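Remarks on the structure that follows.
Letters A, B, C and D mark the chains as written, and numbering starts fresh at 1 in each.
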Amino acid sequence: MTIDAVAGVLAVPAAAAALLAALPDYRVTARLNVVATALTFACALSLFFTRPPPGSYLLVDDLNSTFIVLTTFVAFTTSVFSSSYIGHELAIGRLTPPFVRFYHAMYQVLMFAMNLALVANNIGLMWVAIELATLTTVLMVGIYRTHEALEAAWKYFILGSVGIALALFGTILVYMAARPVIGEGLEAMVWTALVGRASEFDAALLDVAFVFLLLGYGTKVGLAPLHAWLPDAHAEGPTPISAVLSGLLLNVALYALLRFKILLAANAAALAPGPLMVTLGLISLVFAAFMLYRRRDIKRLFAYSSIEHMGIITFAFGMGGPLANFAGLLHMTMHSLTKSAIFFAVGHVAQVKGTQRIADMGGLTATHPLLGWALAAGVAAIAGLPPLGIFMSEFLVVSSTFARSPLLAIVLVFGLLVGLAGLLLRLNGIAFGEPRGPTTKAEASYLPMFAHLALVLTAGVYMPPALVAWFQNVAGLLG
Amino acid sequence: MVLIGDFLIQGAQMLLVLLLAPLFTGFVRKVKARLLLRQGPPIIQPYLDLVRLTRKDVVLADSASWLFRVIPYLVFAATWVAASLVPTFRTGLLFSWSADLIAIIALLGSARFFLALAGLDVGTSFGGIGSSREVMIASLAEPAMIMVVFTLALIAGSTQLSTVAEFMASPQVGLRVSLGMALIGLVMVAIAENGRVPIDNPATHLELTMVHEAMVLEYSGRHLALIELSSSLKLILYVSLLACLFVPWGIEAAGAALPTLAIGIGAYIGKLAAGGFLLALFETSIAKMRVFRVPEFLGVALMFGLLATLLRFVSGSF
Amino acid sequence: MLTTALACAAALLALAAFAAMFARQPWATQVVYAACLVIAAISLVAGATHLLASTASENLVLPLGVPWLGAHFRLDALSAFFLLVVELGAAAASLFALGYGRHEEAPQRVLPFYSAFLAGMTLVVLADDAFTFLLSWEFMSLTSWALVVSHYRVADNVRAGYVYLVMASFGTLALLLAFGLLAGPEGHYAFAQMRATHPSATLGALALCLALIGAGSKAGIVPLHVWLPLAHPAAPSHVSALMSGVMTKAAVYGFMRIVLDLAGTPAWWWSVVVLALGGMTAVMGVLYALMQHDLKRLLAYHTVENIGIIFIGLGLSLAFEAYGMHSAAALALTAALLHVFNHSLFKSLLFFGAGAVLTATGERDMEHLGGLIHRMPQTAFVFLVGCAAISALPPLNGFVSEWMTFQAILLSPQLPSWGLKLLVPAVGALLALSAALAAACFVKAYGVTFLGRPRTRRAEAAVETDRCSLAAMAVLALLCLLAGILPGLFIDALAPVSSALLGARMPEQMGAQWLAIVPIAASRSSYDGLLVFAFIVISGTLAALAIHRLASDRWRRAPAWDCGYPDANPAAQYTAMSFAQPIRRVFGSVVFLARETGEMPPPGDTRPARLRVELVDPAWDWLYAPLAEAVSATADRLNRLQFLTIRQYLSLVFCALVALLLVLAIWS
Amino acid sequence: MSRIGFDIAHLLAGSLVLVSFLELYQDRLYALLNVFAVHALVLTASVAWQAFIQDAPHLYVTAAIALVFKAMIIPVALHRMIVRLGIHREIEKVVGVGPAMLAGMGLVALAMVVMLRVTPGAEPLAREDLAFALSVVLLGLLMMVTRRNAVSQVVGFMSLENGLVLAATGAKGMPLVVEISVAFSILIAFIVIGIFLFRIRERFDTVDVQALDRFRGERR
């Protein structure tokens, strides 16, 4: 019975993918998509109660079950949003039924790949899964077949492939490091086995391995200067995919990084992974913050804000320690929820206004109060304004960092402030001022959006003790 | 019993300043005229003016509001209260503690505030000129005044006029540089505050040079009388302030007997005469300056005040 | 009491949700404001009782906020006093809004945020741990920001809101750093823990600077004030009153809480910073105000000035405290607190007046007003009281607190350190200057707005404002007078605060004869507002009676004399700009590099002559504009990275790889 | 393992690096393709040798893939594509041959320094092989970033990937090697097809250069 939960997390999407590829009718497939993701989410929840023992391929522990639950949940809400979104795309003929079919199938494949990457206990398997996820998203980014969509997909594809190669090289190196200790064959790639005896590995080899893994998976996380694919992929693909990319795929890649960070941390002789992550995190934060100012495309804007926040999260995990790790986990969760909510809102806004150009939107709170205020709330949350969840995580990160290394904290605060100013500048243009663009009523699915925002708000003022204990436990694991 | 006596003394003091004020103004005018080898009006001319004015009807401008009619009484009241709290012939007046030097300055300030409002009330151009210049001058005069007060307060360890006066009368004061500077500063401020030459000419009727006169241009009848009275009250206030701060001799300490009080009053009147004479002499020997030279004049006063304070700080002996 | 206050805050939040749902109903405005009034009144009573009963501080921990810490709340003397200030302002504003709110065209953009804003301010003064404090603090900013942009169509308002929110977040981050410093790496976020760990002098100094930046940017310390004159006027008037009169006080509270309560024993040179900034702020604020002809903006700048005065008081108390002169410190602190209270009174009153004028005429620009005293006499009267109070004229309350500040300054020779010996008198001169200039400024404000003849149609057509608004203003005016003539009452009420923070208090005042106030000793200095008031009233009425009885009391109307010039049209009156001209020439030419260029058309040309005035705002033009420039330049530079080719992106990756490998090679 | 076995493996790996340098040296497309075919052949040999000395038969599959796919199909396909799309034969360089070579030297040195810090473990083969593999990878990347021409960039990527395969096969008993090489071949096929589909004549750049100016909301 215990295996079923994990199997479910993997099998349901796989089966759904096959089914969706076969079924023609849009309404059915959309519903089916929702049902499948809901089922997956249920399985993921059951992981809390029943947990299989780590096998040589699959592993479920506190760390990744957190990720799995988050992933499946956001995947579920996104599928709800996606059904109304895709309906509209069909209506205006931006997508044709065959493409919708393809889209839904790919959606499930993506879910499968991400879940696989999360539950994989074998670093090789993890690599394969993440690459599968990448390639799937490449295909979905290009789905509109417009010139710029293809261009974005192409850029994503090339940079992604290089990332793939680097990550693979890192993986091989880890294996090389492990082999003398653990022995040849599969065992030398099983993470639990690795982390158990990491202290005996060759430190120098681990260092090189980590460099490659950091760059390889860092490309997926979207850390500057490896971020180039991210903004365009977000901007040109269908909005549900932007939501999934920002909300989930980046997390999954980060998860892989964390696994290897733990591995390195377990080896005293190896170089400390923290400083590298801190540096990359800060670079991404400040860089993305400045990039916000010149954005004219609303989805690209929030794509850059995703880079910014991945930077913060990487920074937090790089700092390490119970407080920072807790903050990092919290921040990651909050960011996934908020950012996907924002993309839900943005998707509908773009559909209503018929454009993604910020200049062509305006006075949204007047023309579409619900959408407008939801977007404003989302931006306030993502900018780290209370009483929303991200404020708490930023509070913890900054305050804990300042006591330890003031300079870093000041850079961090600087980046946060610049980013906040940039986001608000754009928000002013979108939400307030003279109304611009069409004012037709939006047939939007508000439920996912407000569900996410409600969760974020709640987390900002009150976190259930169980969750806190859970996060603290995980933070302890991260060291 | 004592209380009643104090009441009487306080009342006497209030009446004294009230009665002497026009006389002093008249005296100054007379002396000025004489120095210019003119006959000049009789000394009691101000009384006559006041009586004449109070008899006349008030002519209100069409656009004048209720405030315009209330202000003369307010101004008069504030100035009179301020004047009655400055010890003239006897320290330790019954109510002198109810407002120290800073409060007295502030009282004069509120009188000025309302007068400036009156200048704007009718909505004429000259009223505006008067008020705006008046507040400009005041905004420079007040800090200078405060600085002088600081100096005195630091020397006497009090802002309570009676205490300061008694302290000044005592031999332990001696001659101090800071005191001298404070004196000069105070005199300059007094000149500015009372709109005397060279800041302003109370006798002018050339509109563009008027400051105080322009503000009260629209007043007539009893209102004008009250304003005139309060401006002479203000003048005598400053003179008696100078007197009790820098020539405190002859001011009777609290609880002195009646005959000595007479001496005190005599001394006071003597001081007034001297002050008036000096004022007239000064005014006849100097020309009025352009309005925008005033800031420099008062800037000097402020400098004196500040210097006095700092000197006082730097060394106790100064 | 604490639970009551918290319950009130919760009720306000609930009310906000309610308002968000029903704001579009016609009855919503009245209901919401009435509810706010009631709740604020209850909470006000709670604060007052705690302050007057001077009971021990109450603590409460709720399972909110930082999980392992919980949300700490505390009601001690300090927070009780500020709770009182906040709720008093809130109650008055709600009462005012009962009438004023009717003219709001988009209530759904005001009502929810209004009550949420009140809740935020209440929570700020009650919070007892860093997270809760910052949460409520920033929540307060956020809600007030929403109120600032409530008239979202006006581009200026949106811009004002932007500047405001950015500055607010900047302040919050500074405070966050300060708390991070005091909390230490283990994260002792509860104020109690911070109190327990006495930080070193340098640490405390750093915390002080950060608090000065953080709280100062909210309170409007020059040069962090730039958002204030933009944001405060942009909001609806009752909100402007709250922001100016109350929210800035919450900022002062934050500063006092950190510096006087948490940052340990002060060193004397802390006070130097505070004093210098305070003096500069006071003078700059009033000078800025003098250059304005927008009524609400003028008032906003005066808030800056008064904040400066308050910080002078705080700086003095720091200085005295550093040398263990507790009673003097208590005097300075009490002066500052009293000014906090007074300013919240008359600034709210004045903004209400401005709001009444705005609704009556639709004008904020004084140059388009005038003669309102004939159309709206009651408003004119209460506004006059407010003007007199803020100009520190006896016997009103503004004078009392400034007088006490002067008394505290006069104690400075006892300070051992030379720096302070020289600095304090200079600050005193600045204080006097700002007081005098404030009087000048309000002569201008009142004279141009209410006196004279109406300059436009709309000013002519003005009508008296409604009852509720009048009631609110009247209450505040009455309080101004009361606090002016019975200061002893309020000083004694403040005693617990100073004894809690400094372990010393001012001598009991109510015992003194004739209800005078005696800061140190009767021989030294004393002031009796009641007597002065009585004297003025008595002598004024005496004079009136005497003259009316003995001489004539007849009067008749006639055209204005004006030296025989015929009655020119109202445009010939002195305008605000021309009234300020002499002062602008004296100070403005130095501070703002003011330049006047008059163009006089040649004879026969019918064009009007024009006088143009150019001002340079030093804070904006020399500090913020360059910053904005720098940011946008950087953004432009980096933005090129959005337009690279794939090969160039690849080379970025390549360089990163090589760099990391090099690090490895060298690191070994 | 026998000494000679190690020497041969070593030789093959070294010659792979050498061929990478040769690729870097070319400035004609056809020549480049031929050199790449050689590169693939050397890889095939080395993989086959590894399969022999590790007696791991599945590695022969990898070798076969390398031989058939990389040494034959891809070069031919690219050759025909050049003809079809009329891509002109010059290779546009960002950096001239000389500097590129120097940079390559530097990279090899870097690879050595980094790898030789690794403690000589059970058998030196791993360490040496890794050093060579790393150099091949770096050289491939260098080629991708210093060549403007799409085809040559693909070649660069493929030689990079050859380096990976070298490392993977060098890692004794590494699982999933075959799968990985298959996956990579598919990846490369994608890229080649992509180039063909999008008519990317000269460089990857053309697509987004146009997109920058005409299509994106991010117009400057």
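Keep in mind that, in the parts below, a contact is a pair of C-beta atoms (placed from the backbone, for glycine too) under 8 Å apart; a residue touches a chain by one contact, two chains touch by 3 or more.
As the structure is a computational prediction, the values presented were derived from the model and not from experiment.
Asker: Which number of steps is the smallest that gets you from subunit A over to subunit C via touching chains?
Answerer: 1
Asker: More C-beta contacts across C-D or across A-D?
Answerer: By the number of C-beta pairs in contact, the winner is A-D.
Asker: Would you mind checking which chain's C-alpha centre is most distant from the centre of subunit A?
Answerer: Relative to subunit A, the chain whose C-alpha centre sits farthest away is B.
Asker: Give, as an integer number of Å, the spacing between the C-alpha centres of subunit D and subunit C.
Answerer: That pair's centroid distance is 69 Å.
Asker: Nearest whole angstrom, what separates the Cα centre of subunit A from the Cα centre of subunit D?
Answerer: So the centre of subunit A lies 31 Å away from the centre of subunit D.
Asker: So what's the Cα centroid distance for subunit B and subunit C, whole Å?
Answerer: 35
Asker: Centre to centre, by mean C-alpha position, how many angstrom separate subunit A and subunit B?
Answerer: 78
Asker: Listing for subunit C: what residues touch at least two other chains?
Answerer: 639, 642, 646, 650, 653, 657, 661, 664, 668 - these are the residues of subunit C that touch more than one other chain.
Asker: Would you pick out the residues of subunit D that each touch at least 2 other chains?
Answerer: In subunit D, residues 114, 117, 141, 144, 204, 208, 218 touch at least two other chains, as defined above.
Asker: State which pairs of chains touch, listing all of them.
Answerer: Chain-chain contacts present: A-C, A-D, B-C, C-D.
Asker: Okay, in this complex, where on subunit B does subunit C touch?
Answerer: That would be residues 54-67, 69, 73-74, 76-78, 80-81, 84, 95, 97-100, 102-103, 106-107, 109-110, 112-113, 116-117, 119-129, 131-133, 135-136, 138-143, 145-147, 150, 153-154, 157-160, 163, 207, 217-218, 220-222, 225-226, 291-292, 295, 302, 305-306, 309-310, 312-313 of subunit B.
Asker: Going by the contact rule set out above, which residues of subunit D touch subunit C in the complex?
Answerer: Residues in contact with subunit C: 94, 107, 110-111, 113-114, 117, 138, 141-142, 144-145, 148, 153, 203-205, 208-209, 212, 218, 220.
Asker: Show me the residue ranges of subunit C that touch subunit D in the complex, using the header's touch definition.
Answerer: 639, 642-643, 645-647, 650-651, 653-654, 657-658, 661-662, 664-665, 668
Asker: Quick one: which bits of subunit C touch subunit A in the complex? Just the residue numbers, please.
Answerer: Spelled out, the residues of subunit C in touch with subunit A are 63-68, 109, 130-131, 134-135, 138-139, 142, 149, 152-153, 155, 158-159, 161-162, 165-166, 169-170, 173, 176-177, 179-181, 183-185, 187, 189, 631-632, 634-636, 638-639, 641-642, 644, 646, 649-650, 652-653, 655-657, 660-661, 664, 667-668.
Asker: Which positions of subunit A touch subunit D when the two form their complex?
Answerer: Touching subunit D: residues 124, 128, 131, 146-148, 150-151, 154-155, 157-158, 161-162, 164-165, 168-169, 172-173, 175-176, 179-180, 184-186, 188-189, 202, 204-205, 208, 232, 235, 294-297, 300, 356-357 of subunit A.
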